[in-house]
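Think of it as A, B, C, D and E in the order they're written, each chain with its own count starting at 1.
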Amino acid sequence: MPPAPRPAGISARQRMLQIFVPLLALGFGLVVWQWIVWAYEIPRYILPGPADTAIALLTDSATLWPALLVTLRITFMALAMAMVGGVFLAVIIVQSRWLELALSPYTVILQVTPIIAIAPLILIYAPDTQTALMICAFLVAFFPILSNMIQGLKSVDHHLIDLFELYGASRWQSLVYLRLPASLPFLMVGLRIAGGLSLIAAVVAEFAAGSAGQGSGLAFRLIEAQYRLNLPRMFAALVLLCGAGIAIYGLTSFVAWLALRRWHESAVRREG
Amino acid sequence: MPPAPRPAGISARQRMLQIFVPLLALGFGLVVWQWIVWAYEIPRYILPGPADTAIALLTDSATLWPALLVTLRITFMALAMAMVGGVFLAVIIVQSRWLELALSPYTVILQVTPIIAIAPLILIYAPDTQTALMICAFLVAFFPILSNMIQGLKSVDHHLIDLFELYGASRWQSLVYLRLPASLPFLMVGLRIAGGLSLIAAVVAEFAAGSAGQGSGLAFRLIEAQYRLNLPRMFAALVLLCGAGIAIYGLTSFVAWLALRRWHESAVRREG
Amino acid sequence: GQDKVVFGTNWLAQAEHGGFYQALADGTYEQYGLDVTIRQGGPQAPNRQLLVAGQIDFYIGGMTTIDAAAEGVPIVAVAAIFQKDPQVLLAHPEAPFGDVASLRGASKIIMGKDTFFSGYWPWIKSTFEGFSDELYEPYTFNPAPFLADPMAVQQGYVTSEPFEIERQAGWAPKMFLLADYGYQPYSTTIQTGQSLVEENPDLVQRFVDASAIGWYNYLYGDNSEANALILRDNPDMSEGQIAFGIEKLKQYGIVVSGDAETGGIGCMSDARWSEFYRQMTEAGVYKAGIDLSRAYTTAFTCKGVGVELMAQ
Amino acid sequence: MPKLVAMRAVSKVFADGTLALDQMSLEVETGEFLSLLGPSGCGKSTALRLMAGLAEPSSGVVERPSGGGIGFVFQEPTLMPWQTVFGNVFLPLKLRGFSKAEVRERVMDGLQSVGLADFAHSYPRQLSGGMKMRVSIARALVTRPSLLLMDEPFAALDEITRHKLNDDLLALWRRSGLTIVFVTHSVFESAFLSSRIVVMRPRPGRVFRELAISQPAQRGADYRVSESYRADCQLVSEALQGAISAAGN
Amino acid sequence: MPKLVAMRAVSKVFADGTLALDQMSLEVETGEFLSLLGPSGCGKSTALRLMAGLAEPSSGVVERPSGGGIGFVFQEPTLMPWQTVFGNVFLPLKLRGFSKAEVRERVMDGLQSVGLADFAHSYPRQLSGGMKMRVSIARALVTRPSLLLMDEPFAALDEITRHKLNDDLLALWRRSGLTIVFVTHSVFESAFLSSRIVVMRPRPGRVFRELAISQPAQRGADYRVSESYRADCQLVSEALQGAISAAGN
């Protein structure tokens, strides 16, 4: 997140840094990776080097990229559902301490039940596999958003609550004009966690309840490559996955920056 | 978390409610569950009722409870590692924007790489299976703590930072007396998410690392029961898992309450 | 001294691993100078990767060394315990399916990913009309989705799933043994590293021989000690299940049939390897031109070791 | 005159056991300008919050007009950090369903009257302490309330601005027949503005003395140097002194 | 007298482009009691922050004593909400390595002097506005600094408490030879306390006029009603008026 309070405040140099420093760091990682593979003479079928992986990425691009798209679609739908669901449930839960007490065990149950264990049930009752995948991925991604959002909603400045009460704000108005914006710093962390989590959840869901063949996602390609002992291809799939994860992280960070840059301590540079 | 600002402020009635409302809600869930099973005549091998599950919980207690202990041990060790690791890394990362830019891709990579894909690598290079399990579970649990902690550290009131700077606080003093306590509201959400997540991570890790037999945890019992179509036992294992999850949630909530009850909006009742 | 050997299985201890447990339990391995540790597999246990990484000396696999040959991974199959693949497709008894070809009418076919990638699924698709990936649903080792849908079909081992399904659901599923329809891979092969084969063929030979003897004794001798070991490693296994498994192994000639009848348990022939490779290449699983000699070796089997034990 | 707000034997005990108000009784009449004066921590803010219905008395009764029309300037600016100055002042109107276009003028007039029209698009963190308080004042006035509760609104302002806002407030009060309860620490300010002054004793707070101020009308700049004003100030000052020493604090 | 702090042609532009200070020059001499007066938003807080080294000038030079010994009362209380009143006042000493036991007396004396000894174990949210400010004052004094920067420390206090703290501060200043830079909105307060008063013009801030106050010694309660005090107040008031109208604000 650019630290300057106004877009005008970001110099071109800073903008470059934001792109280049991570790339440089990643490049350094690649060099270390390649070096380890060379130095310890690790065979390709245990740990392929970046070169092998890059070749696989090129040669298998015809299958890998479409698979990435499938996974990304599930990811984003799960993330969207988790956002809506998590925020909605959090709003309901903070309405009353009773509701919170009554509902929190269920949210925990949803969080800790292994997808693999309940995937069959979901498969039985979901109308189709895509929906089942979405449900699985959603279940994984929504708890961080819920938790952060609950904390955010509870952390609203009491003086501002007084203010809204005084001016006769309806519940809805308090929610939209006060509680939601005040929760943004928390919600944005939830979003950042859930971003990566829904990607990995999409993968796990595909493992557990996955589609296969033509319309299948990265998880499937990954498992297939692993099964076929084609480690370079597996690492190519992993690289795509990590790339997607970093992109999603960048995106969620950008959203957080947009939401907070003008006012919140975390995004505003300290004046000095 | 009891809302009253001082322990003395919690009436006995409130304390009872905190235990009984969730129990009641869970009881209601059990009734609904049993009713669904009856009303739709769902066979035991698809969805066993609570009664079947309870019986399985009793009859299989000799294998289930030790398995739970194994899983819990991994869970807590992973959680402890994630706490220490997440907080430590967050502290390092917020030292400089450069470091953050350079390290964040790696933290994302760790978050989005599916455990299943890298478990073999971990197993190959970890000294023993227990360590491998711990590493897997740690990888899953630490990102939420890291993310929340980073946001917490960045959200410190700038005026207080000024104050500390003015009084010549060392980096270490700023960290211990200002940044860490100020981050607690965020850290506590991270802890709550990571609590459930490290439980589920312990389960997933066990799947992935495939420890089996005598010293194995709940995941193994679960899969085995599922394979044997012993759904009551599988659900018994799930119930234990969920129970453990709820207990961990309760514990993390309690820790959060201890940390925040005296001062933070989220834990203090609004005076009125 | 004894040679330390780690043997990784592909699943939790069960009758299908009986011969190995037998050799361990009755001291056959010891007699052959082997100190064997069995490391059981599981749903996602990475035992095969551990073999590749050299942390396991022998591993129970299928025909996957063909993939290894294609990828230059130095592992080879040195014996094939199961002459016939025990894989079956299961259907509800009242479902209108008469043979494998008619399963195209199923609502879904539930199977493992391995089957899907390089098992009988590509073979079925290329051999019979009307099968497509739309039918596939992943097997999560929970038969409930199968039981819930009368038109569903699920994979299984002839030795295990039918037993559980009958015990739980109360009815015996229809079974289609793929081996009966021309699907001819070896199964439960013993895989090991190329280097071990080259540097210590004697150890490999001893392991293969001792295992074969173990299998004879397990199927035709006193297998109570082996079963006790299995039950210890996998407490959820039941005596009934084991008995059922052994019976089916015998009934369908899974272990002893074809070349094994004369050559002994574990016997493999070049002809079957090439035929399977041809079939599956046609099915699009493998690319042409893989050097099969790097996938297996018949140097250790078909020597008649233990055949005499069958007479017990 | 009819009572608008009445506190009858109101006590307020906070959750930690602090007794902030002890059997305090006070009536606010419609149209009056009442100042609350008292030592720091005596319960002035607490009393205001009770009158606004933001807190419940632990014992006793608070009678207050039902329904809106209250304006409140809190002791702290209490601005939404994510809204601009304009957005903060617009808030009470937004909550009543007005659209931005409808009331832009009105909001800008409010900002103008506290000298912040140029800062409409700034965020609170870009303002000085006094500027934040002025935003808060503009927000309280923008709804044209019939009851205005103000908790040390001008404490953070320089004397010139303060005098100007004093005059403005007085003019508004005269014009609109509004009722004002005004907490201040400035004896001079209270004597200048009020029609009645209530001096509270130290915690636990309650009314120590009430003083009616003689000439409510015609208070301009020259009133500040008049003899009667000085006498009033003297009286109030003594009452305050008395309140503090009476409690033996 | 030697200069302790000097601002030479200091400008301060904030990231949003606001020009807060424009070529401001000001010297603070060791041992003086300097008051900064000026309209709201003119840059007084900004100037204090520059003197304390909490902000960097955009142009110009700020010379300041290197090393500690600074006490700062911020315009807002700036208390740590997770610490008790005691903990907050103890902080500067803790940061210097003192243990609680060593300085308990000292901290409690500080609290006593602002009348909050009874609230040592309360948390900031349990305090009234004025009480929070008093905690902040106690914190700034507890280190016995040689340079004390105070940003409207007494604005939230009632007149009696304010007078008492005025007297205390004056006594402390006389006794210890401490240098004080004091921002206030009260003309009376500045005239009562200071040895020199600097009046700033409206934003962009800079020095408009400096006034030396004649009798720094011997200012007790009766000084408040003396003729020379009133004359000083009059002078300061006019200077302030002049500053504001000069800018045509």
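As a working rule, a contact is a pair of C-beta atoms (placed from the backbone, for glycine too) under 8 Å apart; a residue touches a chain by one contact, two chains touch by 3 or more.
Quick caveat: nothing in here was measured; it's all calculated off a predicted structure.
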Next on the checklist: What's the minimum number of touch steps needed to get from subunit C to subunit D?
Outcome noted: 2
Checklist entry - So which chains are sitting against subunit D and subunit E at once? => result A, B
Checklist outcome for this item: Winner on contact count, chain pair A-B
Checklist entry - Relative to subunit E, which chain has the most distant C-alpha mean position? => result C
Next on the checklist: Roughly how far is subunit A from subunit C, centre to centre by C-alpha average, rounded to an integer in Å?
Outcome noted: 40
Next on the checklist: Centroid of subunit C to centroid of subunit E, CA atoms only: how many Å?
Outcome noted: 85
Checklist entry - Could you state the distance in Å from the CA-based centre of subunit A to that of subunit E? => result 49
Checklist entry - What are the residues of subunit A that contact at least two other chains? => result 46, 116, 120-121, 124, 157, 207, 223, 226, 264, 268, 271
Checklist outcome for this item: So subunit D residues touching two or more other chains come to 14, 16, 54, 76
Next on the checklist: Give the residues of subunit C touching no fewer than two other chains, as numbers and ranges.
Outcome noted: 49, 53, 140, 142, 144, 148
Next on the checklist: Strictly by the criterion at the top, what is the full list of touching chain pairs?
Outcome noted: A-B, A-C, A-D, A-E, B-C, B-D, B-E, D-E
Item to check | Residues of subunit B touching subunit D in the complex | outcome: 4-6, 9, 269, 271-272
Checklist entry - Which positions of subunit A touch subunit B when the two form their complex? => result 3, 17-18, 21-22, 24-26, 29, 46-47, 97-98, 101-106, 108-109, 111-114, 116-118, 120-121, 124, 143-144, 147-148, 151, 154-158, 161, 185-186, 188-189, 192-193, 196-197, 199-200, 203-204, 207, 219, 222-223, 226, 234, 238, 241-242, 244-246, 249, 264-268, 270-271
Checklist entry - How about subunit E: which of its residues touch subunit B in the complex? => result 49, 52-54, 68, 70, 72, 74, 76, 78, 80-83, 91-92, 94-96, 123-125, 143
Item to check | In the complex, subunit A residues that touch subunit D | outcome: 157, 159-160, 162-169, 173, 177-178, 181-182, 184, 262-264, 268
Checklist outcome for this item: subunit B residues touching subunit C in their complex are 43-47, 63, 116, 119-120, 123-124, 207-214, 220-221, 223-231, 234
